[in-house]
Amino acid sequence: MTKPVCVVAGIGPGNGAAFARRFAADGHAVALLSRAAEPARELAASLPDARAWQCDVGDAGSVARVFDEIRGALGDPEVVIYNAGSGVFGTFDDVTAADLEASWRVNALGGFLVAKQVVPAMKRAGRGNLVFVGATASRRGAARTAAFAQAKAAQRSLAESLARHLGPAGIHVSLIVIDGVVDLPRTRQRLPDKPDAFFVKPDDVAATAAFLVAQPRSAWTFELEARPFGETW
Amino acid sequence: MTKPVCVVAGIGPGNGAAFARRFAADGHAVALLSRAAEPARELAASLPDARAWQCDVGDAGSVARVFDEIRGALGDPEVVIYNAGSGVFGTFDDVTAADLEASWRVNALGGFLVAKQVVPAMKRAGRGNLVFVGATASRRGAARTAAFAQAKAAQRSLAESLARHLGPAGIHVSLIVIDGVVDLPRTRQRLPDKPDAFFVKPDDVAATAAFLVAQPRSAWTFELEARPFGETW
Amino acid sequence: MTKPVCVVAGIGPGNGAAFARRFAADGHAVALLSRAAEPARELAASLPDARAWQCDVGDAGSVARVFDEIRGALGDPEVVIYNAGSGVFGTFDDVTAADLEASWRVNALGGFLVAKQVVPAMKRAGRGNLVFVGATASRRGAARTAAFAQAKAAQRSLAESLARHLGPAGIHVSLIVIDGVVDLPRTRQRLPDKPDAFFVKPDDVAATAAFLVAQPRSAWTFELEARPFGETW
Amino acid sequence: MTKPVCVVAGIGPGNGAAFARRFAADGHAVALLSRAAEPARELAASLPDARAWQCDVGDAGSVARVFDEIRGALGDPEVVIYNAGSGVFGTFDDVTAADLEASWRVNALGGFLVAKQVVPAMKRAGRGNLVFVGATASRRGAARTAAFAQAKAAQRSLAESLARHLGPAGIHVSLIVIDGVVDLPRTRQRLPDKPDAFFVKPDDVAATAAFLVAQPRSAWTFELEARPFGETW
């Protein structure tokens, strides 16, 4: 019996790892994509039927190669969690054209490249899930997110185009807007005085993604927030 | 052992009944509020620990009386699903000031009146859930929704104010935007040529509400859509 | 030769007076509507072809009476600046159902009642302008605007419905979102340390309304902000 | 006496040419930037104190070279109308990664590169204007705008970041959302049955840009639409 395949693109210590653990626990074979070889490899080793691939999601050749291997090793992906998305913070004065381009490649172009790899099989199957992981910056260009927000806005718009186009083909495209600081060793260190309630817990974000993937097609969600209850918004 | 109390305001044959069935099945004592005595009474009779109340949610006296009785009979509500919300369709030329007012009373003022009844106890408990049931019109004033959309926009804005204010007190306020035609005998009759996939299934909307109510406080959603996969948007 | 008629609903010392001065200077006969008899009467006396009416815009009878008189005295209005819109500030805990209703009547229902009075003649003429004066709260329900924001959201949604419906009939409906503190004796007194640049100048808001009214029909604006350059948003 | 300098980036037969004519008529020395040498050269020849430059706005080197020349020839720009923005239409199935990248370079990155060239002098002067020309796709990712909308969304987000950051420095950043079909020989040919009222007139869009540039700093607009009155929205 073959397990359904879930790709998690973008593996860090926070949300990426939580997505991988959750979808593995829910019975998926999980492909972990990350720019660095470690720690995705280590995480994969700790999960049943999981494997890690090094991948630069902003590079078409890298994406094509890795998805060829995933298809060969695990089969056609049914679920993609697109969590790649680091970005430089800073105002217009602080950031460079290279910052804008790097952010756009990882957040927007990479989502398109990955979708191009998985959508044809999803169409044949008449089902599939693409979950994009956004941020506050997906909705708003703040003074201090001149490079990051334009990339997240492009990602959100792309996700919306895909959702409208692919929905009738049975493919559910959705966006989780994370509006808060993710609970990580380094954010805890940077914000030592903040209470527990200040942080977004990766396992709870993963549960949100699992909910979106499980939604029946009569009541799909395109966009929702994951926001800690104490957050000011 | 006491069951947690869930109030469903607005009981029709579609979403309202589905909310009631779902929260009863999930172990709540359910209070059903509807303008007409029937069929809420009949529905209540079919559910464990459920009771129906006749209530005009746009009338402060009626709301105060009914919630006094609910508290006495079942205890303090922990969950409110605010599903009251009929509205007249029509353009500016078609609708009257009375239509605007009736729609605003049921959709917006009623949500406030109900919140005033339940929030104090929720604050004491440090927990609680208010789920508002919106519509496409919550986000957009179309030509043909001159009376309905203004009421739904007021409701959405009110829900947002409550969410921001009450979140830090542990009370989760959220909004389900139903963007599609609900599957009902009368909508099926009106649209006989539409396929199954065209309609929003009430049980799936109820599952969405159950998800919102169960969300851990590190990753709350304020607003999401429930939209059938074949819908054009 | 008859002057075109402009109605300014809502006359205070700030924007309302500036609208009246501006449209009088631009060659309109101006009807000033305000809840209190003074100071609108005094302002009207200082302007050419201007007259003041006492009017409760949230009351259908009052609106009908006053517009009958305006039509008799000045002719059919070609321009309405809907500036009525005071509101109580406060969180959900602070405000009452009466606050919500009063705010909704003045901001939303009143706009509808006034539109009902002027749109038929505008349709016959194939032209006309309705400019609504909104606020930051038109777009967002903040914790401290539980009564005001729901009314402003209703107003915005109504304006949008009207704009979509009446545009093809040659009637331009628009919304100015004032996102800042208006420069008034009392706001200056309340914020004595703020520099000039902190405040929105009523004459500049009036110039914005004049621009909207003068827009050619190939390039109409529905919504724009008036925000002081130093404002944080 | 030196004229203030206005740069119009993106010169086609429609809006670009209209911006150039309008700002020349309003007393600016105008620099016309376009990818092709003609017809910008021809247009420049027909205007007082205008000059055309060939420029690939998505290429940092090209932008730097051209702005060096503009500064030498005309002085520091006080106004930039960023009108570069062609894009391929098509669904996710139709478009390529190259389409997404080309669209993003012209619409978003180019706006950043141009801003980097002009903002330092604007900061020293304490004044300046950047007007971005957007489209319906700036706000929404439709099924058929998978490549174009993500670029326009990135542009809008970037403009918003710049507006928030540069406003307090006296630099006004704004966005015109063109929501309709521009009146051009080729759009007229493609839509021969549409009435005049269907089209957005470039001169009226140029008047909107002139209004934004002239706004006093107490009441700046960030975003507005230019929409023909008969448009369905």
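The first chain written gets the first letter, and so on, giving A, B, C and D; residue counts start at 1 in each chain.
We adopt the following convention: a residue touches a chain if its C-beta (ideal position, glycine included) is under 8 Å from a C-beta of that chain, and two chains touch if they have at least 3 such contacts.
This structure is a prediction, so every number in the text was calculated from the model and none was measured.
Chains that count as touching both subunit A and subunit D, per the definition above, do not exist in this structure. For subunit A, the chain with the farthest CA centroid is C.
With each centre defined as the average position of its C-alpha atoms, the distance from subunit A to subunit C rounds to 45 Å. In terms of their C-alpha centroids, the spacing between subunit B and subunit C amounts to 33 Å. Looking at subunit B, residues 164 sit in touch with two or more other chains.
Touching chain pairs in this entry, ordered by label, are A-B, A-D, B-C, C-D. Taken together, the subunit B residues at the contact with subunit C in this complex read 60, 91-93, 97, 100-101, 104, 108-109, 112-113, 115-116, 119, 137, 140-146, 149-162, 164-166.
Against subunit C, the residues of subunit D that register as touching in their complex are 164, 167-168, 170, 172, 183, 197, 199-201, 204-205, 207-208, 211, 215-233.
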